[in-house]
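By written order: A, B, C and D. Residues from 1 in each chain.
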Amino acid sequence: KIRHSLIISQIVSFFTLRTVFYGTLIGSGAAAQVVTSRGTHGDYLTIQLGSALGAVFGIFVARGVSGAHLNPVYSLSLCVLGRHPWKKLPLYSLSHLVGAFLGAATVYLQYYDAIQTFSGGELLVAGPNATAGIFCSYPADHLSFWGGLVDQVVATALFLLCCVALEDQRNGPLPDGLHPVLVGALILTMGVSMGSNCGFPLNPARDLGPRLFTFVAGWGEEVFKAGGGWWWVPIVAPFVGGLLGTLTYELLIEAHHQTTPQSPQQEQEAVELEEVVVDSGNNSKTHPKLLKLSKIYSKQK
Amino acid sequence: KIRHSLIISQIVSFFTLRTVFYGTLIGSGAAAQVVTSRGTHGDYLTIQLGSALGAVFGIFVARGVSGAHLNPVYSLSLCVLGRHPWKKLPLYSLSHLVGAFLGAATVYLQYYDAIQTFSGGELLVAGPNATAGIFCSYPADHLSFWGGLVDQVVATALFLLCCVALEDQRNGPLPDGLHPVLVGALILTMGVSMGSNCGFPLNPARDLGPRLFTFVAGWGEEVFKAGGGWWWVPIVAPFVGGLLGTLTYELLIEAHHQTTPQSPQQEQEAVELEEVVVDSGNNSKTHPKLLKLSKIYSKQK
Amino acid sequence: KIRHSLIISQIVSFFTLRTVFYGTLIGSGAAAQVVTSRGTHGDYLTIQLGSALGAVFGIFVARGVSGAHLNPVYSLSLCVLGRHPWKKLPLYSLSHLVGAFLGAATVYLQYYDAIQTFSGGELLVAGPNATAGIFCSYPADHLSFWGGLVDQVVATALFLLCCVALEDQRNGPLPDGLHPVLVGALILTMGVSMGSNCGFPLNPARDLGPRLFTFVAGWGEEVFKAGGGWWWVPIVAPFVGGLLGTLTYELLIEAHHQTTPQSPQQEQEAVELEEVVVDSGNNSKTHPKLLKLSKIYSKQK
Amino acid sequence: KIRHSLIISQIVSFFTLRTVFYGTLIGSGAAAQVVTSRGTHGDYLTIQLGSALGAVFGIFVARGVSGAHLNPVYSLSLCVLGRHPWKKLPLYSLSHLVGAFLGAATVYLQYYDAIQTFSGGELLVAGPNATAGIFCSYPADHLSFWGGLVDQVVATALFLLCCVALEDQRNGPLPDGLHPVLVGALILTMGVSMGSNCGFPLNPARDLGPRLFTFVAGWGEEVFKAGGGWWWVPIVAPFVGGLLGTLTYELLIEAHHQTTPQSPQQEQEAVELEEVVVDSGNNSKTHPKLLKLSKIYSKQK
């Protein structure tokens, strides 16, 4: 019985808290707040802070029980690097799609009164009373098809490049607990520097899930028609950009860790530790434990 | 004599610095500044920064001598999780109510001239010269009763879910000193994404205490009548949401820590530490101390 | 010869980099930028960020060679707590006064063109083209004398209370390098919640130094006459508030560290460390070193 | 074959990811976004956040394989301090010039549609539809030649002074991973307090590279003529200011580390460690390892 409950809660967890659910709820909530209050309760920066902080706490909640992937592009990146099994990719992607859908639904629930009042009851994709932009990405008027593609490839490439760099222990240590904060800062970075063309989707599940929700919830098929059938660009381009960014990092940085000499201090420390090890093997009985202690210790650094 | 003084200061401390007094003073002060300066000394974001930073420093001041609860909903959550005695809940809640009342009084004292000048001496709850919103939560015009209830349940559920996650050592380590900062970031998150419906009270004592102060200080019974008798929603809904969030975390994340396999690195470290222990018991006299040293050490990680 | 140079540079350093020079330069610079650009290059928040970040980097520069006092009120607080010799207080205060004067002079140098263009060459204390507010504190129109006194006493009391709390190791640990950042966050807190009455001076040297500079540099005696002779309030009130805040912390928090039971985990660790010590004294020759090692280790935590 | 690929990727990396490429891309991107959206997608603060965050992630990406110099002025500073070989300075400077050029090109690519729409196809250096300011520094109307020179010398001096202070281990420890964040905070500091005269270039490569790009890409020779031939000021002045700041730090802070007594606690720890060492040499065989362990340990602190 308990085992059954655990399995069910595991599944529910897999499709909600371990996904981009939380990020969607906070990010789209921040947009809903600014749009429906007509800018009295926030501005462009607070929306970006919402997107960033939603990711931060999404990772803090999920980091212990899953890798806190939150983005199929990131999962793909890990698959390519051999750090995640390929066969798990479809299910992970699906879970984020479901999570983002549910996140959008929760935002609509929480802002139902506000959206109804703001839009006069008409759920529109374009125009001064449009509310679809709260949930997913639409291109700015000036953006061409190729411009949008380039924007998303460049932005996601940079995003993944940095994500991979932050996780590369050999590139430099990071205190526990700072990593989620820096991923949030990275999303804020994207928001302030690459957000005006099409809202920096970066995440296919985070874009398609809420789009499907708005399709179902009353915004209708316009959500797929708008921007000349824009909807598939933020699904395809991020995968391309993500791969590009990951490979760029691997080729231009990761590949050179072996060939790059360590700093003098690091080398000195390595030599000293080695001496402890060598001495330990020869001299006395208490050494092996010290050896282990020092090994454990050296891992921490 | 000294003992008496200590008891008195303990009591005073219990009803002031160990409560949400500090958070109320900073948070409502930030609102007072923006409202009375008609937006020349801050904007929506600075108010949210005030709420967030008030919590951060409230925790830094109180964390050593109390658990820095600051919110009865959080105390309730800890009671449910068995980490705080139930019988202390009423007194803790009362202390926060008193602390928030005193915080509001201090804000009024500090902004007395500004509020009088801004309002022309009339202390109003609604209208362009309203000042009651500086102190506690009132619903936006668009908000229905059920909408307000949903808003507060959803917001407090997410808030507590994250609070519990941040304290769950098994979900991931957090450097000392980062925890209060992240709680502040969490409050900022709520402010930028769930603040436009009714100002994200989240904390019954923080809302009722200042409301009682404004009732006494001259705003009158309108503070309880406004919004169709809104005042009890931010008292009841947060408890419901807080419970929901806590239980959701326990069921969807905490319950799976046992069933989730540890990372390879963690397992390796555990094995090595065990070896130290096993060896220690067999070989030599100096082992028990090393064993203890390594135990203490391993705790830190 | 080298010794002479060292003494001279020590003296120069004592009156510049080890003072609030840096903080004045950044903080007043941020105000100069917003005022003279008429809000196109920043807003109220960026001024507060400037004040906060100026303090952060002022501390980072000076922390190794002085205690990074930066504020005579803080020095007074340390004197009262017995952590700083009273006889050094006058010289420290003087050095900050000089540092703030030089900081203001540097701001005027850097923004000379901008201030001349903005003000049409007339250096005024009040009116739409006033520029004196860039350098030091003036009361808002609504503020009464007593209101200003209360504002500064309350604000400085809270400020010092938090400063003392952040440095109280027994109240909780803080990672190296986070302390200066939190002092900056504390100044930002004051800026967003207690800045609209009179600009939260908090620091007598930081206020009087730049005021003296503006008096000398062409704003004239109006800098002392404005606000009904306001100038002495931000000198006297912060000392009163600072003392109040320090004593409040000592009485309401510090005094209870002994009487407050530690957390179970802390107690357990203390017991284990004690066992190591006791064992060490009895059993074997290698113990004293382990004892010391563990002592040193325990200090770090 | 692999060796050849490695060399090529090393070279590509040297001229892109290890330079200010990333910082230019994010920083100029943030400006492009605000300018072309006419302020609907950000404001002055978000541009500064872009500049700051671009530096943060530029350092996080490059810190493992290069020193993450990112600025020729910083390289010069390290050369003067004897921490970097002089002969590498020209090549490093060139690489940053190339990186900044490529970063500007990427921004133009990503914002091509937006810039064309905003400017009506005319690439202008001045006027309401000017877009050259997205890429590099131009003086404000009020700024005189000498004013600009002073601004850049003062700003870069302070910037380098802080950079050197943050890296001075003897001035105080900094947790791994916090250093890049603080450099970002430092750039934000410059942006909010010294940005309105001429946009705080601070970095000759970051300014000249994008200027060359705009010259080539269609803005024409006006980019060199504007501001009375301003272009060389942000190239020369930062070197002067950087040297000044570095030397000021060395003379006023670094020179006194030896002569400044350590804190009582630090001294006590030093004495205890010394005792361990002394004891170790006399008493028993296990001491040398403990000695090394404690040495390694003491390094960490």
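Assume a residue touches a chain if its C-beta (ideal position, glycine included) is under 8 Å from a C-beta of that chain, and two chains touch if they have at least 3 such contacts.
Here the structure is a predicted model, which means the values were calculated and not measured.
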In terms of mean CA position, the chain most removed from chain D is B
For the pair chain A and chain C, the C-alpha centroid-to-centroid distance in angstrom is 38
For chain A paired with chain D, centre-to-centre distance based on mean C-alpha positions, whole Å: 27
Where in chain C do residues touch at least two different other chains? 43, 45, 175, 178, 286, 290, 293, 297
Which chain pairs touch, all of them: A-B, A-D, B-C, C-D
Within their complex, chain B touches chain A through residues 43-45, 48, 140-144, 147, 150-151, 154-155, 158, 161-162, 165-166, 168, 170-175, 178, 182, 185-186, 188-189, 192-197, 248-249, 251-253, 255-257, 259-260, 269, 272-273, 275-276, 279-280, 283-284, 286-287, 290, 293-294, 297-298, 301
Residue set of chain B touching chain C in the complex reads 6, 9-10, 12-13, 16-17, 22, 25-27, 29-30, 33, 36-37, 40-43, 45-47, 49-50, 53-54, 56-57, 60-65, 106, 109-114, 116-118, 175-178, 181, 285-286, 288-290, 292-293, 295-297, 299-300
